[in-house]
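Take a look at this one; I'll ask things after.
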Amino acid sequence: QTEIQWWHAMGGPLGEWVNDLAKGFNESQKEYKVVPTFKGTYDESMPAAIAAYRAGNAPNILQVFEVGTATMMASKGAIVPVWKIMQDAGQKFDTAAYVPAVGGYYTASNGQMLSLPFNSSTTVFFYNKDAFKAAGLDPNKPPSTWPEVTLAAAKLKASGSTCPLTISWQGWTQLESFSAWHNVEFATKNNGFGGTDARLVFNGPLQVRHIQNLANMAKQGLFVYKGRGNVPDAAFISGECAMSMGSSSTYGQVNKVAKFAFGFSPLPYYPDVPGAPQNTIIGGASLWAMSGKPAAENKGVAAFFAYLSKPEVQAASHQRTGYLPTTKAAFELTEKSGFYAKNPGTDVAVNQMIRKTTDKSRGLRLGNYPQIRAIEDEELEQVWAGKKTAKEGLDSAVKRGNELLAKFQQANK
Amino acid sequence: MAVEKRVVFRSRWLPWLLLAPQGVVIGVFFFWPAAQALLQSLQQTDAFGSSVEWVGLDNFRALWNDPKYLASFETTAVFSVLVAGLGIVLSLLLAVFADRVVRGATLYKTLLIWPYAVAPAVAGVLWLFMFSPSIGIASYWLHALGISWNSLLNSTHAMVLIVMAAVWKQISYNFLFFLAGLASIPKSLIEAAAIDGAHPWRRFWTIQLPLLSPTTFFLLVINVVYAFLETFAIVDAATQGGPGTDTSILVYKLVYDFKALDLGASAAQSVVLMLILIVLTVVQFKYVEKKVNY
Amino acid sequence: MAAISLRNIIKRYGTGPKANQVIHGVNAEVADGEFIVIVGPSGCGKSTLLRMVAGLEEVSEGDIAIGDRVVNDLEPARRDIAMVFQNYALYPHMSVFDNMAYGLKIAKVPREEIKTRVDKAAKILELGHLLDRKPRALSGGQRQRVAMGRAIVRQPQVFLFDEPLSNLDAKLRVQTRLEIQKLHRELGITSLFVTHDQVEAMTLAQRMMVMNAGRMEQFGTPEEVYNRPATTFVASFMGSPPMNLLRRAPNADFGGKPGTLLGIRPEHLQVAAAGWALQVETIEMLGAERLLYCRMGDESVIVRTDESLSSAPAIGATIHVTPRADRLHWFDAESGMRL
Amino acid sequence: MVERRPTLGILAHVILILGVIVVAFPVYITFVASTHTTAEVVQAPMPMLPGSHLIENYKAALLGTGNSQGSNAAVGRMMFVSLVSALVITIGKIAISLLSAFAIVYFRFPFRMLCFWAIFVTLMLPVEVRIGPTYQVVASLGLINTFAGLTVPLIASATATFLFRQFFLTVPEELAEAARMDGAGPMRFFKDILVPLSATSIAALFVIQFIYGWNQYLWPLLVTTNENMYPVVIGIKHMISGGESANNWNLVMATAMLAMIPPALVVLLMQKWFVKGLVDTEK
Amino acid sequence: MAAISLRNIIKRYGTGPKANQVIHGVNAEVADGEFIVIVGPSGCGKSTLLRMVAGLEEVSEGDIAIGDRVVNDLEPARRDIAMVFQNYALYPHMSVFDNMAYGLKIAKVPREEIKTRVDKAAKILELGHLLDRKPRALSGGQRQRVAMGRAIVRQPQVFLFDEPLSNLDAKLRVQTRLEIQKLHRELGITSLFVTHDQVEAMTLAQRMMVMNAGRMEQFGTPEEVYNRPATTFVASFMGSPPMNLLRRAPNADFGGKPGTLLGIRPEHLQVAAAGWALQVETIEMLGAERLLYCRMGDESVIVRTDESLSSAPAIGATIHVTPRADRLHWFDAESGMRL
């Protein structure tokens, strides 16, 4: 039996899911054995794997979060593109089967897909129906535009809510997805798809307007900042915050723990912006096949990838975790099973993604991006704290981010 | 304290043999990697190491030109002074009183030593859990007290949070050493001072504290090194350097950049950090120990 | 300066049934300005007694008065005493000057006066050139003097000494003994001096308190104690070599009754042509005199003779001695009390 | 006690009780959290008294059977890995530090103090600072996924060498001379006299180093690629690192409590020796 | 057992210009079985000399021979010697038995024999019931005996003692002195015994080596040293209180020439109706005798008198003494050599 090493960053209940996937595959055939290994958080597993690669110990498969995509792509020869590994192994592989906003993110400018979409999420809006009711809002009519959100927040506040709105993954939801959702450029060169000389431009008028808007809400106590990453989720789940934005993959946990009725809906948008809403950007991670492995193992990787892409497997994962179905077939399968009808709101994310993407909404392909995310966090915090205006904060974020991009460009000439 | 032994065993090779295991370990796993770090700090490479370019002092220059990095020095200084200072003062206070009481002394000691067993990686999580603005029990109480605790946007609160967590983690260690130090002060000195008319407070300042100075000095070195280097996990879990970069101490930025695969920058920071620490330690030895020895 | 009275002092360590009584009712009146030596074997309670006077240990029963205050509940600092410890207890981090000045600084004595007093004490003790040194740079004898200096500058009512000489070598011990004597003559401060060395006790004491197992066996001048020991314990403890205590045969010669012990000091046995027949077992030459360790039947007898090298008896030889009739001591064999 | 001051005594107890409350509180919270359900723990404010799910939570944590528990490796195996590596690190550090301190104190040779300082400087080089290159070395030695890889690179110890040196300096010289007269060579002296005499210092360092070894996180994460080689601290992080969903805080805390037991035991059992060991060393 | 010879021994600490010479050419022949005491003030090089014999210090120049082997380059363990240290240097973690047995174990002596030898030594030293104890559970005197026992079991050719009694209290010191004497009589092993206590030296030595500042000033029997001190140093070092050395006036009475010193021991000055007029400054009672510290012009003179309490002179009184004419010593004032 050939062993396939698979390093991932899935903790908590998702770790179980990953293990079950491997088990499922291992039981489905005799030739290969996938061994999943937790390697810490996303930002710990990636350097660990790269260090391992440099020492000649890389795993066969590595799960990399979406912001690491540019780094992985830029690696000369460290990875084997997914299309190639499938082709070499003689596995069927059709790029078109993937949901466009998902597949597009991991596809090179020449149309070749480089990594296998695995756990993709996107940004959604969630709200507390009980709190809405208490504030005299219609629990079945979530706000769909930012003016409506502001209004709802004010009403919630008036009804005694200490935290009408919070936001998870602020950079992802309020800058990246926000830009795509309004079809506004985030970075030049098609958000980086066009080359490593791309530079950030998210300090445009729309973004500034939006962030300033949020800053004002923060000052009025309508928007309450609850931390970086997914930390604010907890404030929604505990019932403290009535509205939130974050990853679609939060669904499972909310569903399990929340002691109130809740709803999921698409991200709000500014109705005066032409072309909005477009589509949102994905998050989560994809699987990369590392190079330098024996052909037999690569074949195993391909077999496993094929297994993961099966509509049944996809659909089951989607329903279990709240991650997106990465293929259209999986979406259809789920729909047919009546899952969405039974779990209203679970289809929101897919519907946001399934549209055709534009150059400004396909995704991001920017180097040193984990650090840039941190810069976004840092600068936004300054804005929320009232130490900087939205313009100052975003200008500074763009400037600092562009320095990192320049550095990346130089290192990956 | 005797500084040298009069009697020595004579052998040309045995001392080297005895030093060999430690020598090999520090050579192979400490100095060689440190030298590598030095080398890397002069290079610009991509994450995978496929392209390596010599850039001379560019990485250092970039750090020097980064106002955030420079600000981080100040943050680190504030943080370290607070952690080392508070850590030493609080544990000394507890140790002095634990040394005084007769009844329940063992129970107190046990309870005070226990947190030492908590892993730093877990300690950060614990504190975050307690002070998390949404579910934290401590922030809940603070709110009840009318303090709107917000370590996410209020830099002072954030600093307080990581200082508390870092001090908490180190307090047991310091406490133990102080307890030992106090026990080693001859009882007759305290008695002599009592007869000389010194009251407990005065005795503490003029006798016990000066006599504890070797212990305090040792702890000062250890605590500064701790604050500089071993607090990464705490900052990472509790504030991630925020709000803004207001709690981004040097080691946090260093490990962060390493995780972000910015190897040249990270190596340059390692070098800077090592230099700072070596200078600090030498200064401590030179100036503080001179005063300490009696 | 002040008188000290100890009134029925009892000391127990611990409480309840596990309590360990180590001082069993000591009574003594020390006059103002007196130099009292407390002497006794190790563990007899000398230090405990002294430390109770100092206030470092609580008194279990009875009263201690200094001057006319009962000080039982007073803190050491308030008792106006100074103490010299066996290990000196010098503050290792302070210079000699600061060691001596410490108590005065605390008492808020003006700087000028501190300097004057310390300088004066340093002069008396010949420490003038050492004032800037730290204790670790001093020899044993010098440390001892600093400890004494620290006590002197305080000008207390009472001096307490807990075996202050026992860490010194023989030569230095003799010398320091003299210094302490001189000091007491000059300052006249009431002093309690603990030792288990009887030469020290004899030479220093105006009166001495001989203790044994928590009890005071005799309290008197050195002459009284040496010449009229109150108990066999005192008789054999004071004097080196100790008094011979004989149970057997020769007693009758001097009218001894059954159940009594005859005590005779080694220097009061004179070698003669006839008398008690002793067999010499060991001889020690001490320069000016010689000690003969002898055996008489099953009892051992020590004889002290002048140096007269020509007539030194050989080991194993038999000699004859006669006791000086005016130097005989009689004790009750049971109780050990002088008769 | 050299004075009678009831107020001071009371103050001492008050301060100590306050100290204990502050210092032990996080541990208490951990314990309380480990006895409730996830939903109860994430309510604000969380309950302050232990709940009724203690046994069930600990069973889940120990056996890895919690319904949505993250790590499939049961805590048992991780505890074993932690124990072995903590012990190897501890014993290794103590052993090589004893030898080095012995060489530095009892021999005269060129560059003696340089060697001492070289060891001391390693205090400034914790894993965090040299992690990448150290990993390279370990990898090229083929030590990935081995206990050797987990432990050896952490085994040098400035603190232990320093403390042993201090202690050796207080050992009377005559003991070494007596041993020489008795015909003991240096190693015999080391083994028969010096090491037994260092028992309390060793105990003290054992506690410090055991906890250091037990609490490693970043390094094991890097050098092990097999979950069978994961120590328990990684296990805890595994349970809380999920990017997507809130954590099962009750199980996390139960695991944290479990992970705390061995080092806490070491501290408690060795407490008396520990303090005594440090006292001997101080002088 | 073996003879020891020291041939022109020189010891320097350090090398080159910074070298510090502490022993300046010592020559001595010690006969087989002799008990030699090395005595002198602190820092005079006694320990250094002893440690060179032990092999713990290297000899800078000259030869040391034990028996007929020059041992300069021999390891301590190979010299067949045993040493008793001042602080005993017992291994604190080993039982008394193991302390004694350690050297034998290293020498791979069979178990059975170790037991026999240790038991025998323990019996001689009355340590039988203590064999299982750790040193810290022993009294000072017992520790001392264990240290001795450790030396005895080795059955060495030479015993070395470096101030082994100085940590004992006065009483115990006397007792242990006797034991050492007895032991030497029984075993007859060549011994070098270092002390700075002259009473110890006098009582123990068969011959004594008086050292001063790295030089041997006299090497002879206690009687010789006491009665015919070779130098003023020896004269004043040996004897307590020391010999009076007078530079002035009275010398002429006995035929003293300018440039000479008259030495006379305190016990050889007899209180009389007439004679030298001395003013009494301090008096020390020592039980059997009394020391009068007096002044004669600008010289101080010590007089030792028998106890005769009735006639004790008062402090400040003037007394008259006559020296015993047969006990006068003359020294060259310059060189200090005996004339």
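Chains: A, B, C, D and E, in written order; residue numbering restarts at 1 for each.
Note that a contact is a pair of C-beta atoms (placed from the backbone, for glycine too) under 8 Å apart; a residue touches a chain by one contact, two chains touch by 3 or more.
The UniProt protein names, listed by chain, are B = sn-glycerol-3-phosphate transport system permease protein UgpA; C, E = Sn-glycerol-3-phosphate import ATP-binding protein UgpC; D = sn-glycerol-3-phosphate transport system permease protein UgpE.
Here the structure is a predicted model, which is why all the values come from computation and not from measurement.
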Interchain contact steps from chain A to chain E (minimum; 1 if touching): 2
If a chain touches chain B and chain E alike, it appears here: C, D
Chain pair with the higher count of C-beta pairs in contact (B-C, B-D): B-D
Distance from chain B to chain A - Cα centre to Cα centre, in angstrom: 37
Centroid spacing, where centroids are CA-atom means, of chain C and chain D in whole angstrom: 54
Whole-Å gap between the CA centroids of chain A and chain D: 38
Inter-centroid spacing, chain E versus chain D (mean Cα positions, whole Å): 54
Residue list for chain C, restricted to those that touch at least two other chains: 55-56, 75-77
Per-residue multi-chain contacts in chain D, two or more chains: 2-3, 42-44, 132, 136, 177, 180, 218, 237, 240
Residues of chain B whose C-beta touches two or more other chains: 7, 134-135, 191, 194, 199, 258
Interface residues, chain E side, partner chain D - complex: 54-56, 75-77, 81-83, 85-93, 102-103, 106-107, 150, 154
Touching residues (chain side chain B, partner chain C) in the complex: 186, 188-189, 191-199, 202, 206-207, 210-211, 213, 294
Residues of chain B defined as touching chain A within the complex: 44-51, 53, 62, 68, 132-135, 152-155, 240-245, 256-262, 264
Touching residues (chain side chain A, partner chain D) in the complex: 5, 7, 9-16, 19, 35, 37-42, 44, 48, 51-52, 54-57, 59, 65, 121, 229-230, 233-234, 237-240, 247, 249-250, 252-253, 256-257, 259, 321-322
Complex contact set, residues of chain C against chain E: 42, 166, 169-171, 174, 177-178, 181-182, 196-199, 202-203, 222-223, 226-227, 238-241, 265, 267, 282, 284-288, 293, 304, 307, 309
